[in-house]
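Dropping the structures in below, format is C-alpha cells.
One chain, chain A, links the two complexes that follow: it is found with chain B in the first and with chain C in the second.
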Partner chain A sequence: MNEYELMVLRQKDLISNPTARVPVCLCLDISSSMSGSAIDELNKGVQMFYDAIRNDETALYAAEISIVTFGGNFEATCLQDFSNIERQETPVLSAEGMTPLGEGVELALDLLERRKQEYRDKGVDYYQPWLVLMTDGAPNGNQRTLDYAITNTVNLVKSKKLTVFPIGIGPYADMEILGEFSPDRSPLRLQGLKFKEFFAWLSNSISRTSMSTPGEEVKLDIDGVKGWGSL
Partner chain B sequence: MYNETDILKIASDFNISKEELINELDASGLHIKYGQKNISRETGFKIYNILMENRKKVVNHKIIKTDIEMNSINRMEYYIKNFKIFLDTSSLLDDEIYLFIDNIVPLLKTNNKKILVIPQVGMELEKHANRSNDEKLKEKSKKIILILNKLIKQNLIEVIGGTNESFADNVFLSVFTKFRIDHNLLLITEDKKLANDIENLSNITSVKTNKVINVRKINRYGFLSKHNLNKTTDIYDSKIKSIRTNNENKKIIQHEAFKLFTKVSESTNKPLSISILPKVGDTLLNEKGEKIKLINEIASGGEGIIYETDSKYIAKIYKKDQLNTRKFEKIKKMISIKIDNVSICYPREILYTTNQEFVGYLMPKAKGKELQKSLFINQLLKKNFPYWNRKNSVELCLTILEKIKYLHERNIILGDINPMNILVVSSKEVYFVDTDSYQIEGYPCPVGTINFTAPEIQRKSFNEFLRTFQNEYFAVSTLLFMIMLPGKPPYSQQGGESPIDNIIKMDFSYRLGDKTNHKTPIGQWRYMWSHLPYFVKESFYNTFHYEGSNSKPQNRINVIKWISIFKRYEKLILDGTLINQDEMALDVFPKRVKKISKFNYEKCSICKVEHKDSQMRKGICNECLSKGEHYSCKKCGKHMIYTNNQKFLQNKPKFETCFECFDGKEKMYQILSCTICYSTFNIPYNEYKKLKKNNLPIPRECKKCKSNNTTKAKKNNINKQPYNVLSIGNAFSNLINNFYKK
Partner chain C sequence: MGKLVINEWKGISLSLKGKSHEISGLPCQDSSNFDSSNNVVYGVLSDGAGSAKNSNIGSALVVNVLSEYVSSFFEQIYNEHSVDKIRYEISDLLKTELKRVADSENNLVEEYASTAMFVAIKDGRFIMMHLGDGLISYSKNGEIKIASSPNNGEFINSTVFVTSKNIETQMNLIKGEIGEIDGFILMSDGTAESFYHRESKSVAPVLSTLLHRSLLSSKQQYLKILEQSFEKTVLQNTNDDCSIVLICKETSYFPSLENINIHKKYKFFRINSSFNSRKKRLNRLMSIWNFLSEDRSIDEVSKILRLPPKYTKKHLNHLLKLGMISHINNEKYSRK
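On to the complex of A and B.
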C-alpha cells in the first residue's frame, strides 16, 4: 500500500463514518533518559490505550490517534498519522537521543491542523483536539522553536481550539516548562510509572467526550485524575 | 356564511387575487385545487379562519381588528341603534353565545340600549337547567341563566311580555306581527323554521309598513349573519352538525393531559438531605409503603444509578447532589398522570428510604441498544442489523413518531430528543429512556443536544425557559433525517463551521431539484438523499433550509404531518412502486444516485456500478477513467498515474518517465539572444515555470551582462526586442496553429 492509496483510504473513512471525531495527538519524549523501565512502561501504557479504545464501541469510531515522538538527533518524528484506529498497528517505542520538546510540539500542532482541515473539507463534525505532552526531563532543542511552540499552543488553548495535557514523568521533569504550555491547567506529574492508569483515564475521557455533542463543554472526570497524577 | 361559493368570491372579499388566496392557504396547510369551484361549508369556514388569522396584527400587545371584523361590529351597532332586538332560546344555547355577548355588551353600553328577552324563553331555559337528562344541556342552561341575570342587573337585558302563552315561537310570531308597523325588529335565533316564518312576515301585503323585519343567527365569531333559507342545505346543515359534534366528542380526551405552561415555575430549590445513599441489597418504600428491594446494579450515569428490583420495575436512585426539592416536586407531578405505554420508561412510583427520604423512582425496564450505537455508525449497523433495509428505517421512523405523538397529546415535551435516549430492539420495538428530563408543566428540560436544538433556542440556558412544540418539531425532523441518512446530522457540510453556526445559518446542503449550495457531503450521503421520494426530500428541505416554507418555528411540520408523510413513503415501498423505478430503492447504502426513467443505464466494467450512458465511454464510467495505477517516474521520482483512460481508450503504453524527463535532457523553453552582447542563452523549461509563477518577465540579457549591468543597455534603448533566433519560426508556427485550433 503506497502513500497515495493510504491517503485515499483515510479520506474514505471520513466519508463513510459520520461520527463526530475526537483527534488526539500523543507527543512523547523518547530521549535516552527514558530508556529502561520508563520506556517499557510507556509502551505497555500505549498498548493498553489502543486496546481500551478498540474495545469501546463509541470511542472506536470517534477517536483518531496520532503519535509524535521527539528524541534522537533533535528530531521530531510522526510515528503514526491520524486515521481510523482499525487501520493502525500499535507502535513500539525505543528510547535514545536528545529532548527537542519544541520541535515535537510544532509537529504535533501541524498534524492536528491538517487533520482538522480534512474534517472541514469533508463535512465531518469534530470535537476540540487533545494534545497529550509527556516528557521526563528538560527540553534541550532549539530555543526559538520551543518559544514558538509555546506561543502557538497557548494561543490555541485560549481561543478554545485545543486542550493540552502536559505530563511530567519522573523526578527530573521540568514542570515549569510544561506549565508554560498549559495556561489553564497545571501540569501533572505522573506517579511513578503509572502509565497504564493514565491511559485508562484518557480512553475513558475520550469515550465520554464522544458521547456528548461537538462544541459542548465536557466535564472531564477529575476524580479519575487523582488516581495517577499528583501535583 | 360561505357554502358552495366560488373561491373568487372569497378572494374578492379579502381584496386578493385567486392565486394569492391559494398561495396563502397553501402556506397555512390548507390545499385547494386551482380549478376548484365549489367549496364545502366546512372548508369555507376553515378558509375564512385562516385568512382572518393572517390579517390580525398584534401591535403593542393589542389586537387591532380587521376590516371584516369592523364591518361586523358596525352592523351590530346599526342593529342596536335602529332595531328592537329579541333573543331566542336556541341562540342563548348556541356555543358562540359567550363570544356574542362579549361583542355586543360594549356596544349596548355605549348606545344605552337593551336586548329584549321574553319570559317564555326564560321558562324554557329553566326547564332545561332543572329537568333535562342531557348533562351538557343542563350545564349550559344553568350557566347562561346566571349570565342573563347578571346582564339584567346591569340593565343590558330587559324581560318583556306576558306569561299567558307557553310557546316561545308563537309569542315571537305574534309580537313581530304586532310591532312590525312601528318598529324595526330583529330576531336572533338558530331555529331555521322559526326564521323562515318570521322572515315571511315581511311578505304580508295587506298591511304595509316602512319598518323592517330581520332574522339573524350567531356565527362562529360571535357576530350576526343571515340564515341560509335554501331547503336543500337543511339536510347539509344537519349532516355537518352531526359531523361536528362527533369530532367534538372525540376531542374529549379519554386520557388526562398535563397543563401547558409558558413560564418556568419559580420555586426555591433546597437540597434534600439523605442519611445513607441506598445500594444493592437495601430495601426501599414506595408511596403506599410497599417494600422494594434493590437486587443489582444495571448501569450508572451522571445523575444516578439504575438498579434491578424485586418488582417488575427497575429503580433509578439519584446521586446525593441531585436530590433537591424541585426534583422531588417534578417527579411527583410526573407521577400524577398515568402513562400506560410500557416502552416509555416513565416514572411510575416514587421511592423513599425507610426514613421517608426521597431517593428516586421506579420505571419499566428498557431493552435494546442506543440509536447512536446501533444505527448511526455504519459498521455497527451492518453488524447488529445485517438485514436492515430502508423499509425498516421508515418503520422505525413511524414507531418513534407514534410514541412522540402519545407524549405530545398529554402535553409532555421531551426536550432532549437525541440518539442516546432512544433504544432500538427492532424497527417496531423502541424504548425511550432518561424520561425524568422531560418538560412537564412549569418544569423545564434542563439538558439539550446541540445538533437537535432549534436555531431559535441555540446558545440559551435550558434551565431558564420552557420549550415550545415548535422547538420540538425541529428536533423531531432532525431525528428523522438522521435515521434515513444513518448518523449524518442535517447541517454537516463541506467547509462548514462549528455545528452551532451551521444550524443558525440554516444553510442546508442537500439538493432539491436544481436548488443546491454545492456543499453536499461527498459520497454515500448524496446517494442516500437522492433515493428518498421527492415529497420526503421536499419536507426535509423546507424544514432545514432558510428559504424553505417550513423553516420558521410557526410553520414547522408537526408530528402528525410527519406521520402522514412517512406512511405515504411506507405505502410506496410496500406496493412495489419504488422498487420498480429503481432496484436500489431499498438499500440503506446505495452506490449511486436514483435512476431517472428517461435515461439509459449501463454497468461499468471496472467498478460494476450502473451509470448513465452519457457518463460512460466504451463501457467504463468517467470516474473510473480518471483513476488508474499510481507509480513514480524512473528518473525524478515524481508521482504519476497510468489512467484507465490511457490504458483502455487511448491504448497508450505505460510511460516510465514523466513529461519533463522524457527527452533525456532538460527541455528548453526558449533560446534567446542577449540584447547587449548578442550571445545566445537558454531558458530551460523549469526556469520559465519559476518566472511565470512569480510573474517575472523573461530576461533579455544573458547572465554575464545582467551582473555587469552595463550602461550600453540604456544607450541602446532603440531595439528592446531581443533578436530571437527562433522567434520568427515560432511566430509562423503559432500563426498556423491558431488557424487550426478549434
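On to the complex of A and C.
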C-alpha cells in the first residue's frame, strides 16, 4: 500500500505560526581605548557571530540581533535594530571617545522592551531576552544614568525577565561595575582578545535555547568558566 | 493510545515522540487517554516538562489520577458550587499522588513536572479543566471554537506545571450543558503549534474534519493514519512531543456514513471515476462496509460481493487507505 495515501492531514491544512524568537542585544564599548587590535578582534568576532547564526538552520530563524554601541561624546547608538539576521548587514565598528556604559545599557533595555511589545502585538512567542555587555574600561558617563541602568538590569534579571552576560575586555575592564549588572553570575573576563571563541559559544547557546520546550532549562555549555550557570 | 467506546460519544487519543526526543533517545514525555467508565466519557492529556527527568512518569500519573477522578466523581464535581473547592481538591489529589511516587523513588516532586487537562461528559453535561500550556477546543454545530487557551508565562519555554506552587490559582475549570456541542479536542502545546494561530487566537478548520473522521473511521486504522499524518506534518513543525485527544458525537454536522449525502459520499470515499461507474463503485464500497459490521475474511467478503478475491482486495484496500476499516492480524477485516 502506498503509505502516502494514508493521510488525513496536509501541511497546507495547518497553521503556520512564526518561529519563537530569541532577542539578543549586543551592547558594545567602542570608546577610544578599544582602538587598534581590540576593535579589530571585536569586529572579527561579531562577523563570526553573524556567520555562525546564518549557518545554523535553527538559530537563523529564531535569533534576532540588535547592536548598541557606546562611545564618542558620551553617545549610545543603536547601530543595528532588531530584525531577522538574514535581513541584516554585518556592522563594522570603529573606536572613538568616552565610555558611557550606563547610557548604552539603558538604550539596550529600551530596545529589548520595545521588541518584546512588538512580539506580543503580533502574537510572536519569544524566549527570555539576552543582553551581552562588553567593555574594556570603567564607565565615565552620567552616574545617575549608570545607577539607573544597574538597578533596571538587576530587577529584570532577578524577576527572570533578562539574561545578562557581562564581559570584561583586557586588564583594565572594571569587573566590579560589570558584576553589579549581574546578580546571578560573575562577569567573565575575556582571555586575551578571544572574541571569536566567545561569539562561537554565544551562537551555539542561542541555537540550543531556540530548540528548548516549556519547562526545559537550557544548560550553558561553558565548562571551565566558573560562576556561569544555566539560563 | 485510548480505546474506542461504544457510546454516543466516540474518541481517540494519541501521543507521539517529538524530534528532540528522537534525537536524544529520550521517551515521549506526553501522556493521553480516552475512555469511558461509570457512564462518564472522558479525555485526559498531560505534557511532561522538558527539563524534568521523570516527566514521562509524571504525565502518565497525572492522566491516570485524573481519569479515575473524573469518572468516579463527575456528579460531585459538577454539582459543587464552589469552584475553588474543586481547584484545591484537584491540586491536593495530584500533588499527594506525585509526592507519594517521588518519595518512593527518593526523587524530588519537581522531577515529575507536567501539565494537565481533561474533558469529561455525562448525561448531556461536561466538565473541563486546564492547567498549563496546550489548548482545549470544542465544536459547536460543527464549528471549532476555543475553550481554554495556553497558559504560558511571558516566555515560550515557561508554563505552569502540576508541581508549581499555588496551581489552584492557575487552573481553568469550566462546566456546562452539552447543548449544541458536538466535539472536544485536547492538544498539547506541540500539537497546538500546528492548529492554533497565536496572533488571531483562532484554530485550524481541519480539526472539524479530524473529529468527523474519528467518528466514521475504524479506530485502529484511524490511529495509524493519524499517527502517519502527524509524523509528516505536525511533528515537522515542532521539536516537542505531540498529543491529541479527539471526542465527537454524531449530529447533523457530523453525520454517520448512512446520513451523508451522496455527493459528499463520493468525496469522502475519494471516488473519482466516471459518472456512470462511480455509483456502482460507491454501492460496492458501502456494501462491504455494511457487511463488515462483523469481522470478516476476504473470502467471506468475496462471496457476498460475488467478486473474485483479487478485485475484492482492491476495494478492501481502498477502505483501508481511507481508514474506514482495519485489517486484524492480516486475517479479518473489521470496522473496529
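Following the convention adopted for this analysis, the second predicted complex is superposed on the first by the 203 of 231 C-alpha atoms of A that agree within 3 Å, B and C clash if a C-alpha of one lies under 4 Å from a C-alpha of the other, contacts with A are read in each partner's own complex, and residues count from 1 in each chain.
One rule holds for everything that comes next: a residue touches a chain if its C-beta (ideal position, glycine included) is under 8 Å from a C-beta of that chain, and two chains touch if they have at least 3 such contacts.
Worth saying up front: this structure is predicted, and the values here are computed from it rather than measured.
**Student:** Check whether A:Asn140 is in contact with chain B, with chain C, with both or with neither, and answer first, second, both or neither.
**Tutor:** Neither: A:Asn140 stays clear of chain B and chain C.
**Student:** Can A:Asp13 be said to touch chain B (first), chain C (second), both, or neither?
**Tutor:** Touch status of A:Asp13: second partner only.
**Student:** Which of the two partners, first being chain B and second being chain C, lies in contact with A:Gln128: first, second, both, or neither?
**Tutor:** second
**Student:** Taking the superposition on A as described, I'd like to know which of chain B and chain C A:Tyr61 touches: first, second, both or neither.
**Tutor:** The first partner, chain B, only.
**Student:** Of chain B and chain C, which one contacts the greater number of residues in chain A?
**Tutor:** After superposing on chain A, more of chain A is contacted by C.
**Student:** Which chain A residues contact chain B in one complex and chain C in the other?
**Tutor:** Touching chain B in the first complex and chain C in the second, residues 2, 5, 15-17, 122-125, 211, 213-216 of chain A appear in both lists.
**Student:** In the complex, go through chain C and note every residue touching chain A.
**Tutor:** These residues of chain C touch chain A: 18, 20, 47, 49-52, 55, 113, 115, 132-133, 152, 154-159, 161, 189-190, 193-201, 203-204, 206, 209-210, 213, 222, 224-226, 228-230, 232-234, 236-237, 239-240, 317, 320-321, 323.
**Student:** Give the list of chain A residues in touch with chain C in this complex.
**Tutor:** Listed in rising order, the residues of chain A that touch chain C are 1-3, 5-11, 13-17, 20, 116, 122-128, 161, 209, 211-218.
**Student:** Flag every residue of chain A that touches chain B in the complex, lowest number first.
**Tutor:** So the residues of chain A in touch with chain B come to 2, 4-5, 15-19, 57-58, 61, 120-125, 211, 213-216.
**Student:** Contact residues on chain B for chain A in the complex?
**Tutor:** 372-373, 376-380, 420, 449-451, 486-489, 492-496, 498-500, 509, 519, 521-525, 630, 639
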